[in-house]
Every structure is written in C-alpha cells, then in structure tokens.
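The structures come next, written out as structure tokens.
Each of the next two complexes has subunit A plus one more chain, namely subunit B in the first and subunit C in the second.
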Partner chain A sequence: MAFKRESIVPYLYLLPWIIGFTLFMGGPIIAAIVISFTKWDLLTPPTWVGLSNFINMFSAGSEFWVILKVTLIFMVFSVIITMCWSLFTALLLNQRVRGTGIFSFFYFAPAVVPLISLTFVFQLMFNKELGIVNYVLSLVGMEGPNWLMDSRLALWVVTVLCIYTYFTGQMMLIFDSALKEVPKELYEAAEIDGANAVNKFFKITIPAISPIFFFNLVTGTINSLNTSFALIYPLTAGGPGQATQVMSLDIYVNAFKNFRMGYASAEAVILFAITAMMSLLQFRLSKKWVHYEA
Partner chain B sequence: MNTRATIKIFQYLVMGVVAIIMFFPILWIITSSFKPLIEFNSYPPSLFPSHLYFENYTQLFLQSKIFIYLRNTLILIVGNTLGTLLSSSIVAYPLARMEFKGRDFIFGIILATMMVPTFVTIVPQYLLFREFGWLDTFLPLIVPAFFAYPYNVFLFRQFYKTIPKELDEAAKIDGCNSWQIFWRIIVPLSRPIFITIGVLSSIFWWNEFFTPLIFIDSENLKPLSVGSYSFSRTMFIIRWDLLMAMSTIMIIPPMILYLFTRRYIMEGVKTTGIK
Partner chain C sequence: MKKRLLVSLLVLGLVCMLVPAGYSADTTVVKYAHWNALSEEYNYVKAFEEKYPDIKIEFTLIPEAEYSQKLTTMIMAGTAPDVMCLWECDISRFANGGFVIPLDDYVSQSEAFTLDDFIPAVQGLIEMQGNLYGLPWCFATEIMYYNKDLFDKAGVSYPDENWTWEDFENAAQKLTVVENGKVEQWGCDALSFQGLWYSLIGTFGDDIVNDKGQFSMGEGAKEFLKWWYRLTNEEKVVAPPQISTSGIISTDLFVAGKAAMAFNGSWMASVYRDIQNFKWDIAPIPKGVRQYSTLHTGFFTVNSASKVQDAAWQFIEFCMGEEGQELINKAANNPSARLSILEKGYYRVQGPMGPENWDAIDKTAQFAQWGYVLLPSGLTFDIVKDFNAAILGQIGTDEVVEKAINRAKEILGEEGVASE
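Up next is the complex of A and B:
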C-alpha cells in the first residue's frame, strides 16, 4: 500500500499491544523462568537456588510425579472425550433433518453459562445417596459409587464432565462449520459408487476436515490444561488426596496458598514447555497427514 | 419409504437424547431453585419441586451479598468490554490494512500467545500487580483489557480483511489519513464484529472464575462467580436451596443474551478455527 515503508504510523497503532505484551505476556514468561531459579516466600527477599526447584520436582518419590501423571491422564483422556463428543454432536447437527438449529441451541448452551454454577449442580447429581446419577443406576439394579469422593473415580468424572465446558462447545461449532463446507458432490459421487455411511465418513468426511481436526486437537489440548481449573477446583479441589490435582491446581496451591513462588514458577515453566511441545509436535504431524485440498 | 421414516425417527431420538444430556444440568439448577431445602434430601430425587417455592430467592437476597457480587460483575464486564473493543480494534487495524516491516512476525506472536495457558504467566503477573499496589482492587482485572487481548485482535483482524481495500484507496485519494480511514470507513463497516466481541467479552467476564479468585480477597469486591463459590464455602451446612437460586440468577442473563445474539456468538467462536 501507499503508506511509506519507514513510517512509524503502523507501530503507533500497535502500541497498546506492544505495552500489553511486554507487561502481561512476554515479560511474565521471562520472569517465570527467572523466578523458577529462586526460592521466594514473598515475606523475605528471593534467594537464588539454581536448578534445585527442578531437581526437587523430578527427584524420586517427589509428589510432582503424581501431579504430572494426573495431568497427563486428564489431558489425554479429556482431549479424546471432548474431540469425540464435539465431532459427534457436530455430525448430528449436519443430519439432513429439520430443526437442527433448535438442537444446536441446546448443545451449545452449557458453554455460555458459568461453569461454577454447573459444578454446584454436578455435586448434587453425583451425590452418592441422593444424586440422580446413582438413582438412574439403581433402576437397572446397580449400586452407584461415591463418584467425586472415590480416588479411583473422581479423575474420570471430571474428565467426562469436560463435555460441558466452553472449549468443547467451541470445538463443536468449528467442526460444524467445517462439515458444512465439505463439497456435497463428493458424497453424491461416493453414493453412486455404492459407499455406505461408514465408508463415506472415513473416506470423505475425515480427510476433508483433517486441518480442522488438527486445529481442534492442538487447541483442545492446551485448553484442557487451562480450563481444567474452573471445573476441577470447585468440584474436588484436587482431591480426594491428590487424585485430581492437575498441574494448574498445583501451581495455584503452591503459589497462592503455600507462597512457594519459585517452585510454582518452575511448574509453570514445565507447563509452558509441555504446551509449546504439543503445538510444535501436532503442527509437524499435521503437515504430514493433513489433506489440504478440501 | 418405511425404512426412511425409521431412520428419521432414530436420528431425532439420538439428537434428542444428546440435547437432554447437555441441557439437563441447567434445567436441574433452575427447577431445584424452587425446592425447599428439605426436598434436596428426598429420595428418589425429582426434577420438579412439589410446588413452586419462591422463599429461596427472598432468603438469598437477605443472606448473601448477591447484589454486591452482581454490581462487581457488571463493573468487570463494562470495563473489560470497553477496554478490549477500544484497544483491540485499533491494534488489529495495521495488521489487516497496512504493510510494514515485521507485520507477519508480530501477527505470528499474537497467534502464538493465544495458546499460552494463563497459569504460565499468573505468578509474575501477581507479583507485578503487587508491586503496583493493585491487589484486591479491580485494576488487575480491567487494566490489561486496554492493552488488547490477542484473541480479540485476531477476530478484528479477520473481519477487517473482508472489507474491500478499494475503499481505503478511494478515501486516500480524497485526502484522508490513516486514522480518518480507520474512523470513517473501517469502524462503521465493522459493526458486526464489535457486537460479536462485545457479547463474547460480556459472557466471558460474567463467567470468569480464576483471575478474580487470584486478585480479589475482599467479599465486597468479589464478582458473582467467585462470590457464589465463597458463599457455598462459608455456610455451616451447604444451603443447596440458596445456592441453586443463586446459580439460576447466574445462568439466566447469559442464556438470554445467547438467545438474542446467537448468530454473533456462533460467528465469533467459529472464526477462531478458520485461518
């Protein structure tokens, strides 16, 4: 365009972001790395401890291994469940029937209401003696467990409840618009060749939406690390024991309950590394696998 | 013909079951907000109260600080929505309409920062706001909005890209400078994206739980999300009746907004997936 190349005008418009990025994003990331090499309780000045936060974290018998295990289980399975659920609901919304608009209203509704309110009602619904979930199970002759208080079950309950979070709704809408863009002729051609519904799904639908599939996989993974807090903290507060203590909760507890700023920052650095690795890995893989022609 | 009808019934059945699964918790909150406390202990649990009992709401107004929480939530919504509309719309402008050194690099950073979890930056941010003396005020929750949220910059940029470049050129020939082009051409044509981001920002700050939990301590400054959580914690026994009434009050406004601005919400949410 005709604006002069050396002009500072564009940078003036960018100024709010430049300041915001420096103060609230770039600066804090660097600061987190620096603080991770210190011991700091906010009462006394920070002391330099080198790598000892990381050494403590990864030493044998450290509780961090438990946190890491819980985080990875939650991450992997919540992504699988939310990906399947959002793709399934998006496929339902693409059926050739009337009234999909009304159904989509209900499918996306949980995404717009406060998650904290939903966590209250989940506690009622999953109550051992009085909850509706165990009542339904009792109708088919099963005795329901104490879902949120059982250390083997609690993690699975919160993993499944991820289908009610905003990011699952977002993934559904993104899948939905991707599905609407798959050329109809492809299906018609396949039908002439005698393909059945399953064939059409794996041979046409999946390849056509594969870029979006990978996009959702990356954002879903990162969101599961992020949104997990507002779901898990009110529901179980990381318990029972540490059964649902994912990394976001552990950072919160260490930083703002125990005031171990150095240790919490070391965890934040690990979280940042996991996130960065996931994005890089998935984008690499997507280049290999994804069909971009559709 | 018969099999087609069967398939259709089956489709509606599956779609209906999914709708019930997704909407059931919301429905349960609303109907149980009209139950007296004693009915929360009845077995089997029933969706509907034995009769409509409005006492929960009057008790809630008397026993909780719901009006204060509501006021605080509204302050956060107005501050953040104004802030991000103002700053993000301006920041996105050169990214969409100008050519300059480092543009793609900067846009790349903005995209990358959308991926950084809040938990990575929260400790340094907390220390920074502590340094400023801003803890336990609204400032750490509102001021950052005036410095452009990456997600909203992205949405504005994508929208500006759809406005024909010829309009800028014509205005330039008429002697408009870049600010006049922005203010007289881009902004008036961008009404839909202003509405979309306004709505999404309002819903986000109505629901936001984590950052107020970190930065606010005083009961009188808590928004509804954190306020309802502390309300559930400070009771000697959990008052499910009052908590469900409070949750209903928290659910209705975003649902109404969603009902009337659904098109804008869907458009904004979907745009993230299109690169």
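Up next is the complex of A and C:
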C-alpha cells in the first residue's frame, strides 16, 4: 500500500521533535526507571536490587516523608504566590497610565538576571548580622531574625523569592498579552450595568483569561516541582536541616554528591509520577472553570 | 584545476580544525582540572609551558562545591582531563574503577624526587591505596584565625598551641561587645567551612574516621554540639550560623572586623592576606581531650584513558619538583607535602597585616589526621546542614548525632560505620 504524499509530509515535519524527544527525553526516562531498580555509584557496574530503593524510600523512618512534605508545601505556595504576583503585575501593566513600558521593564528585569547572581544577593540581603533587611528593621527598633537559617522562616522566604525568578516574569508576560485580548466591550457593558472593579475582575477578566490562567497553573506547578533546584540549591542548599530540601534537590544530592544513582532515580520516578498526577488532576478540574470561548 | 584547489583548501581547513587554535601541529595538549583558580603572580601552569614549549596545558577550573561529581560525570562521559587533581575521598574510587593509572614506574624513574621525601600522613594514605596512584599537590590543615587589634583592645593574651577550649571560652567572653542589648562584636565567628565541624568534634575525642576507615562519631560530637550551642545561644559569644551553601559564604564576620576569632582552613591565609585594616595572626585549634585537626590535600593523577600520559606525567613531575612546588605553595599559602621543600617555607607568604605565627600550621600538621576527607562529600553536606540546625535549636544535639550515624549507614553501608 503506497503512502500518499499528503499523509507523510506532516509526519516528516514532526520527525525532528519525535527524534529529539526519543533521544533526549524518552530514553533518559526509561533509563531512570531501569536504574531505580539498581545500586550504582557511577564508577563501578550497577547491581540489581529490585524494589529495595523504593522500600527504603517509603519505610517509616525515611527522610523521604519530610522531603515530600516540604516539596508539596513549596509547590502549593510558590504556585499561589507566583500566579498572584504575575497576574497582579500584568493587571498593573494594563492600566491606562503613561509609561507602562518602563514599568514592564522593571517588573521583568529580575527575570533576566541570572538566578545564581540573585541568590547570592539574597544571601547577603538576608544575612542576620550584615544584611540590609535586618539593618532596615533595626532602624525602626526591631531585631531581625536569621531569615534563611530559621527553619520556621526559611521555606517561606524561599517561596516568596520565587517572584524574582524567570518563570514569574514569563507568566507576567503571558498574562499581560491575555489581558490585552479581553474584549473592551464586555467591560463597557458591565460598567453600564453598574458593575464595580471587583465584579468586573471576577466576572469578566478571570473567565476571559481562564485558558491562559490554566496554562500558567499547569506549567507553574511542573516548574515548581522540577526546577526549584536552581533557586534553592545556591540559596539554602536545602537547609537548615531539611527545612527547604525539596525533591529535585534531594535527587541531585543523592545522585551526584552521594553517588546513590539507584536511589536518586527511584526518587525521580516518584517525582515524575507526582508531577503527572498533579497535571492530570488540574486537567480534570479545569473542565469546571476554564472557558475556551468568550 | 579548480577542483584540485578546492580539495586542497578543504584538506587544509580540516587540518586547521583538528589542531587547536594557536597551537602548532607538533604541540602536545594536556588537559588539566583543578578546583583552585590559577594565581596570576604564582602561575605554575605558565611556568611549565615556558619550560616545555612543546606542551600546552588546557586548564579547566571546576568549582569546589561541584568538583567531585563533575569529575565523576566527566569520567563516565569519556571527557575527563588528562591530569586530574583528585580528592582523598575520590582517589580510591577512581583507582578501583581503573580510571587512573599507577604512577609507580614513572616515580621510580624520576630524578626530581623520591617517595621517602613525603610527610608521614601522605605515605600512610599511599600505602592504604596499594599502588601509587597520585602525588599530593601540597597539603593544608584547619586552624584558628584571630584579630590581634581586638585582642589588644580587650587586653586578652594571644592564643598559642597550649590553648584549651576553656581558654577559648574565657577569651570569647571578653572579646564579645554588646551595645544596647545587641552584639556588636562576636568573640568568635560561626563555623562556615564544613570540615571545621569534624575538626572541632575531633578535639572532643571522636575518631571521625577510625583506623579501619569507618565513620566513627558519638559522645564527643554530642558533647561538642551541646557546648557550641551554649556558646551560641546562651553565652552569645559565638555568632549564630549563617547561610553557607557548600562552604561558600557571602559574608565573613572575621574579615568585616566583627568577630575576634574564626576557624577556617589554612588556605584562607591566602585570602585574608589582603586584609588592610587590622592586624591578625593564626594559631592551632585549641585542645580538648586531645589536639586534632583535619589534613587536606589533592592528588595529581593521570587519566587511564589519556592519549598523552607521558606528557601528563611530565607536567606532574614539574609540579612536584621544587620550581612547581614553590609556585603552588606561594599561590595558596599551602605547605609542600615534600619534607625537603616544606622546611624551606615557601608557603609563608605574608600580607601587610599578617600572619606571622607560621609555626601554627607546621605544628598542626604534626597532629592533624585524614578524617572526614576520606568520606563522600555528600555525607558531610547532609550532616553539616543538621549540625547547623542543632546549633539553631531546631533539632536536639543528641538526635542530630544519631541522625548522622544513620545517614552514614545509608550511604556507606553498615560495614562503613564503627559500632558504638
């Protein structure tokens, strides 16, 4: 049976992505699953240990439970904070005022600064003895805490600092363009009907941008689970104790500092499953609140 | 004719691509990795290239925090450099995996040095490994730094090798300045470098790593942590722990003149020698139930997959010779592990304000041991985070030691941890 030219061409266009996915994503995912059943220190041949890595991970005294709890708290609150902040700044940029271009630049500027530089600046700013944050507090007679070394505060400081990451800046740009697409007539009609700003926001803006809101929610959740490492590792290294030890960081430490590739791969498999479940759940729930037609 | 010209140009282009830019065809290129940046003033790589113009060294700087894992992944990817300066905890792993070659034959034929010229601790480590897989680029210890101006102001006598922890505590109390209920000057800075925890615990009697190579920590660690907690939180003479990711801190209270004493690696003398605004000096870590400090080094090794092993050895031989050792010692303020060079004191490069008491390093070298440096760096990374949490009162001091032992069992296996 001869293939028609028209039926082959689309697949040829897709081929580079399929090859790239198979080599750089599919292959490593399968490799990680296989390695999760082994004990491997990278330098000597791996040995098959069956489910032992998973059993250790889920055992009663395992640190995995603490790390999972920190990961989920960080995920929920970092997504809420980054979503709210990026939507808030995008709304500000859509106000009818002069100089929104300048504001846009300032809001987005932290996103283009390399994260590693930002984290060292944050370390300095939040230093208990020499940091500017505690210096400002001392001017009003307050003694500042040890922000990044206090286990009750560290996770919250790190979560709030997410607003300076590239991802939040990108979310803001996406929200900004979505807000510009909301038909102005809807607002005019609502104003005639006497709607106030709050009503307009919840009854018009949110439903109108709900597909974009959903997109940012899903990608923000995935980002929080998988790439929080880049912020947390240089900022707190997961400490004090395990106060900011999220799973992506623990995977790195086990794989490349303790050379426990098998255990780290088992953690990666679980993180993959959690991320997939979260995304699936969000897709399921989205049917109730995402409106694809204006 | 045109075709032949085109082919010739293509061949020429290919040859140009194969020979690295700036090198002639008969130049041998040796790739070399280290965690220390090359000093402009004491550049041993440049000195080697001037002496051996037909060998070029391609230097790769790998940050200390990622050094071990980066070299491991490079080995696995087949991209590891020809000469690697390996840490104590890595050299056995690399040797057992056959990733570095034995240097016995090269050393026996060398006229630059002999093996009996090395400090005893290095000889011991070489014996532990069976064959000779690496040569120590220099060595370092962990010591105490103190601000002489602040000591003079408080009327406290300078620390020496006879100081005990009691002397330290008394001095720290006198050197702490409180104004309006806020500490303006600390007796001692918090522990920033990860290894210091082990060195101080060692003075409280724990082996850290016993003679069987097992992780060994217990009562000494509990006692030390309780005492350090008291000094930090009750006496408030030691600064509370600050964020220190992988040993890198963005603030240093000693340099800022806000801490009269600090503990750190002897290599920090090469950083502190730039201090301009106060006089400072060094002393051994005070005594507890015994004197203890950690010995550090790195070993020049040759990658077994290297195609330029002879040239790689030539570079190592130069570095281990007097000319190379002098430059290395001066650059990092680290003494040579070769006894005949150590006594010449090349490492004693003084800044305008200090240090003067170089004997502190020599004396420390006499009792210092390979301790935690033989353990995987990840274990230290995990344990130290918990030690900081204990000093901040977030976890009990006894609990943190039990946790450290369990963590060591997880990573090293039951056989890697001494029974209590």
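Keep in mind that, in the parts below, the second predicted complex is superposed on the first by the 270 of 294 C-alpha atoms of A that agree within 3 Å, B and C clash if a C-alpha of one lies under 4 Å from a C-alpha of the other, contacts with A are read in each partner's own complex, and residues count from 1 in each chain.
Here is the rule we go by: contacts are C-beta pairs under 8 Å (C-beta built on N, C-alpha and C of every residue); 3 or more make two chains touch, one makes a residue touch a chain.
Worth saying up front: this structure is predicted, and the values here are computed from it rather than measured.
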Which superposed partner A:P114 touches (first subunit B, second subunit C, both, neither): first
Greater residue coverage of subunit A in the superposed arrangement, subunit B or subunit C: B
Partner chain(s) touched by A:F256 [first = subunit B, second = subunit C, both, neither]: both
Contacts of A:G241 with subunit B and subunit C, given as first, second, both or neither: second
First, second, both or neither for A:D150, with subunit B first and subunit C second: second
Subunit B versus subunit C as contact partner of A:K128, first or second or both or neither: second
Subunit B and subunit C contact sites that coincide on subunit A, given as residue numbers: 42, 120, 124, 129-131, 234, 256
Contact footprint of subunit A on subunit C as seen in their complex: 66, 68-69, 72-73, 75-76, 93-94, 96-97, 99, 182, 239-243, 245-246, 249-251, 253, 256, 258, 376-379, 381-382, 385-386, 388-389, 392, 394-395, 406, 410-411
Residue ranges of subunit A in contact with subunit B within the complex: 1-3, 5, 7, 9-11, 13-14, 16-17, 19-21, 23-25, 27-29, 31-32, 35, 42, 88-89, 92, 95, 97, 100, 103, 105-110, 112-118, 120-122, 124-125, 129-132, 135, 163-164, 166, 169-170, 173-174, 176-178, 212, 215-216, 218-219, 222, 225-226, 229-230, 234, 247-248, 251-252, 255-256, 261, 264-265, 268-269, 271-272, 275, 279
Subunit C-facing residues of subunit A, complex: 41-44, 56, 61, 120, 123-124, 126-131, 138, 143, 146, 148-151, 233-243, 253-254, 256-260
In the complex with subunit A, residue positions of subunit B that touch it: 8, 11-12, 14-16, 18-19, 22-23, 25-26, 28-29, 32, 40-45, 87, 90-91, 93-95, 97-101, 103, 106, 109-110, 113, 115-128, 130, 144, 146-148, 150, 153, 165, 168, 172, 178, 203, 206-207, 209-210, 214, 224-225, 228-229, 232, 240, 243-244, 247, 250-251, 254-255, 257-259, 262, 265-266, 269-270, 272-275
